[in-house]
Amino acid sequence: MGKREVEVSILMGSKSDLEIVQEAIKILESFEISYEVKVLSAHRTPKDLVNYVEQVVNNGVKVIIAAAGMSAALAGTIAAHTVLPVIGIPIETKNLKGLDSLLSTVQMPKGIPVACMSIGMSGAANAGLFACQILALQKKDLGKKLKKFKEDMAKEIRKIRIG
Amino acid sequence: MGKREVEVSILMGSKSDLEIVQEAIKILESFEISYEVKVLSAHRTPKDLVNYVEQVVNNGVKVIIAAAGMSAALAGTIAAHTVLPVIGIPIETKNLKGLDSLLSTVQMPKGIPVACMSIGMSGAANAGLFACQILALQKKDLGKKLKKFKEDMAKEIRKIRIG
Amino acid sequence: MGKREVEVSILMGSKSDLEIVQEAIKILESFEISYEVKVLSAHRTPKDLVNYVEQVVNNGVKVIIAAAGMSAALAGTIAAHTVLPVIGIPIETKNLKGLDSLLSTVQMPKGIPVACMSIGMSGAANAGLFACQILALQKKDLGKKLKKFKEDMAKEIRKIRIG
Amino acid sequence: MGKREVEVSILMGSKSDLEIVQEAIKILESFEISYEVKVLSAHRTPKDLVNYVEQVVNNGVKVIIAAAGMSAALAGTIAAHTVLPVIGIPIETKNLKGLDSLLSTVQMPKGIPVACMSIGMSGAANAGLFACQILALQKKDLGKKLKKFKEDMAKEIRKIRIG
Amino acid sequence: MGKREVEVSILMGSKSDLEIVQEAIKILESFEISYEVKVLSAHRTPKDLVNYVEQVVNNGVKVIIAAAGMSAALAGTIAAHTVLPVIGIPIETKNLKGLDSLLSTVQMPKGIPVACMSIGMSGAANAGLFACQILALQKKDLGKKLKKFKEDMAKEIRKIRIG
Amino acid sequence: MGKREVEVSILMGSKSDLEIVQEAIKILESFEISYEVKVLSAHRTPKDLVNYVEQVVNNGVKVIIAAAGMSAALAGTIAAHTVLPVIGIPIETKNLKGLDSLLSTVQMPKGIPVACMSIGMSGAANAGLFACQILALQKKDLGKKLKKFKEDMAKEIRKIRIG
Amino acid sequence: MGKREVEVSILMGSKSDLEIVQEAIKILESFEISYEVKVLSAHRTPKDLVNYVEQVVNNGVKVIIAAAGMSAALAGTIAAHTVLPVIGIPIETKNLKGLDSLLSTVQMPKGIPVACMSIGMSGAANAGLFACQILALQKKDLGKKLKKFKEDMAKEIRKIRIG
Amino acid sequence: MGKREVEVSILMGSKSDLEIVQEAIKILESFEISYEVKVLSAHRTPKDLVNYVEQVVNNGVKVIIAAAGMSAALAGTIAAHTVLPVIGIPIETKNLKGLDSLLSTVQMPKGIPVACMSIGMSGAANAGLFACQILALQKKDLGKKLKKFKEDMAKEIRKIRIG
């Protein structure tokens, strides 16, 4: 039996990032996108990371999501080893409040793009959605679901009554 | 005669952003990606912007790149009206050195993702490349060209001799 | 029977902003200014927002107050669609402590002004007061009440005895 | 012969701010709003400033615009002595790039609002426009001119052709 | 009976600042410096503040300490009305973590100095000490006490044993 | 023949700081305050610095002004070795625009106060003025000159005519 | 019997820094590196500090680790008095979240290097590791242990299973 | 003939960093330390970088210096692949003035230390000096030269006469 096809790979630099990353997972599950989640660190498991990234395209992976904090080299290192689209989630930090993670993730030099999302949970959810938006270019049904998701958000807001 | 097919739409908030945006254009041209460029402002031509965004999918557009500075609402406003992937380029600013553009572009709330690149020229070039990486999921040749682009960058670096 | 006249419209991007916005409401009520409060998002209900802003002048609205956080496009988007004075309240954020909301709200490009208040609760109260100051140009009594409010603040401070 | 009626008073903390403030003056002149311009400093001429602010309403002034840099106390000090709407322009600074002026102008405590614009020239132009928006609540013609100004901005953008 | 002589005047912009200011009071009491504490606001009681500052020299006051937060105009406004040395304590703030108070207090324009201390409690204690250092230029005994205070601090540290 | 009496000692961490420090010198000269200027570095001549600080009181020095940039330890190190009032001037820096110098100078821990002025030239001038304000507590004439200086600043501003 | 040989000296500016510094101690103990820990302040015990630093090389110390917060002059002052490698740990602070400690520690002027680690606990652990990396140049076994430490970190990550 | 022995390896992410890195080279040359300089990028030549780092110890390299800007992953990536001491130089950047490079270089997670120097030229010179300080633990002569370098710096300062 062959290996399970996976459309989105979600990597995080530390297991403590999982609470944040869960927001991306929830989105992918709600859109029925196949995914796998791994803890791989640009600094602590650099070779495992490169090995993983180089073979991931063979499993069918089309988009990679990477969450990391502090000097957040994860998304950039992945982007250095693949031409798949890489989405970065800057994880919030205790001291500099995620400013370090944000600048490390977003300020990529010319030639190696990373698609940076907002810091923390909203960024994780948006990473999941952005992955879906990319995949939807090839899957008409997914595009429709994304439009419905937008309409449902609007409906939720319309229901609110104040005063 | 039918309208020209366009894969990437590039919008900027002000004509003065063109010098920066040129880096994205150069990349798209070198990869032979069809594109169109428009000046449309979230603040000064909000209706034109929405009209444009709503019909752009009909021209075949698959990715939208948006460059804006200061309170940079352009990419976010576009993302509010489409489920196409939107890539944001924060334009550098005179006073706050692009920190305002960066935070306005990247700190999107949950539900409406924008793929934020680095501030200024490197971000513009990367926006072009990231658009290609998305399109390459459907175009095998483009993927090969992106790999060659990466190899060429490496070769350029390898040629450098110091001392 | 006709629709209730409303002098000030208060919009917020998310229901979670209501705790902050309450400070503006308290001020408007203490000055007996008619108002209405709505949750409308520049990113999640962009069309509802534009429709609301375009017709709001017909209800007699003279000032719009807009509260939003992160990439806070609400006040700027409203200002793009009206020539009524728009007052922005940057909502505090978990990670960047409201710096993102502040820069997104205040750094408006030339041509589309937003009157930005301080971050969070003090800014919300001041948004209510600033709306009153604008309305007082046409309502002599309101001007007197504002002067009395100032005197009362001073009296409160004068009462304090330390040591 | 009586004193000239003045609708908008423009104050700046130092003569060197005039280049920036000129943007506000240009706007007021284009909308035919009467104004006067003075250099008055919260720190170097505090009594002249208070005397001026206390009598300014007698000349018909309805809105005060205040431009200052560094520890920019001008707008806040004016707001402490009047219930007229006060609009603040944070002047750019050499070292901290206007961040000091911005935070000093915008972070007003509860009870004393200042309507803060963006840093520097765009903020000065917007201060002029925001003053017009306030005055337009009493002057129907001014409201029409403001709408035309918006349309003209949009037309300027529509004229731009790229490539 | 004449009014009590007071060497140091301590002002704060809001009663909520008292917890911080207490650190300055403790220092002054331990050095047996006469002082008085008042709540006076540059924004909410501007005239009381000026009246107080103008007469304070008659009570024998030689140094003024001013504590304020956010757009912290208190120390600067006092310095505008006196040639006595003014010491500023930037009060910590919820959102911008005292960066706003610090920049508003320290970035005084040429001509009107404020001696800015560190943010919050350490700054308040240091304001008390700095006042003593100024007074010690005229009081030999106080200079000796300050030296002893320094030696006692060193002794406290020398007592610490780790491991 | 005895050594010249000196009231104010001005130290700077590097000769390149002299252009900025000149503003303090100009002020001291205009008020006829005796001073001396030395280049002494907390990092490069730490022992010379301590030796100098420990004997400086014997020359009659009453106030020490210290200018330094980057990790600006000069003022704090001086304050560690004396109970004379120490005034710090944060020198502007190329990369972080003086934010590093400012935080290093102002954020002194409890027990060792430094009176921090604004960044750069305005701070240097104010350091000179603040030294005069301290000395004026013992020199009545100096107090009068300081008042006249303030009045002259106001007169300069009053002379300005705009438009 | 002679004094115990010590390879690494760990200094901190205040006893409250011990919780953070403990991370460095744990690392040194796990690698069986001899060390001593002292509280010595650049500002409160400047002479003790210099005396200690000047003789420390005689005890065999090869690396000095210094932890301090706010205007963190400790590492820089030590570096001024020795040519031993000095490693700085910026301690997190309540108000500016360690940004002050970081800039004070890292922005050393040309000529006096400090090896700055990240803010807080991760920086403290890394200070211990970096000291080991330096010592390992002379101790082959230590180099092997450091490689094993790296492999163990990787193994820990590899054990993690998600979902 | 065997390969030349090299004590220090200097890497930079882009040839444009050479002007800054030159300061490190000058220092190493003045101390007669053998070195080699290479352009290798964590993002554009990731495999060359890893290959280089893994074999560099065989050439006798004892310290690696890495200079990079923006999302500066170079030093951290090197540190991930070696237990040699890695010194990072954050290169100044056009928009965020090196704050991005600094935070990316210094905020390393627990387990993978990088010794971060100050931004730009002073940091590059200090990287060279810090490498020498490490090497001096094994080379007595080098220690003496470093002490002489310090004395020479002090002498240079002592020669300066002002006024």
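Each chain carries a letter (A, B, C, D, E, F, G and H) given by its place in the written order, and its residues are counted from 1.
Heads up, the rule we're going with is that a contact is a pair of C-beta atoms (placed from the backbone, for glycine too) under 8 Å apart; a residue touches a chain by one contact, two chains touch by 3 or more.
This structure is a prediction, so every number in the text was calculated from the model and none was measured.
A.B. asks: Name whichever of D-F, D-E or E-G reuses the A-H interface, so over half of the contact pairs are the same residue numbers.
C.D. replies: D-E
A.B. asks: Out of B-H and F-G, which chain pair has the most contact pairs?
C.D. replies: F-G
A.B. asks: With centres defined as the mean C-alpha position, give me the chain E-chain F separation in Å.
C.D. replies: 19
A.B. asks: Report the inter-centroid distance (CA atoms only) between chain A and chain G in whole Å.
C.D. replies: Chain A and chain G have C-alpha centres separated by 35 Å.
A.B. asks: Between chain B and chain C, what is the gap in Å from one C-alpha centre to the other?
C.D. replies: 34
A.B. asks: Where the centres are mean C-alpha positions, what is the separation of chain A from chain D, in Å?
C.D. replies: So the centroids are 44 Å from each other.
A.B. asks: Which residues of chain D are in contact with two or more other chains?
C.D. replies: Within chain D, the residues that touch at least two other chains are 41, 44, 70-71, 96-97, 99, 106-109, 111-112, 118-119, 122, 150, 153.
A.B. asks: Considering only the defined contacts, which chain F positions touch chain D in the complex?
C.D. replies: For chain F paired with chain D, touching residues are 92, 97-99, 118-120, 122, 150, 153-154, 157-158, 160, 162-163.
A.B. asks: Touching residues of chain D toward chain C in the complex: what are they?
C.D. replies: Residues 23, 62, 83-85, 87, 102, 106-119, 121-122, 125-127, 129-130, 133-134, 136-138, 143, 146-147, 149-150, 153 of chain D touch chain C in their complex.
A.B. asks: Inside the complex, what are the residues of chain D that reach chain F?
C.D. replies: 15, 18, 25, 36-41, 44-45, 48, 70-71, 94-97
A.B. asks: Mind pulling up the chain H residues that touch chain A in the complex?
C.D. replies: That would be residues 13-14, 41-44, 46, 50, 69-71, 73, 76-77, 79-81, 93, 96, 99-100, 103-109, 111-112 of chain H.
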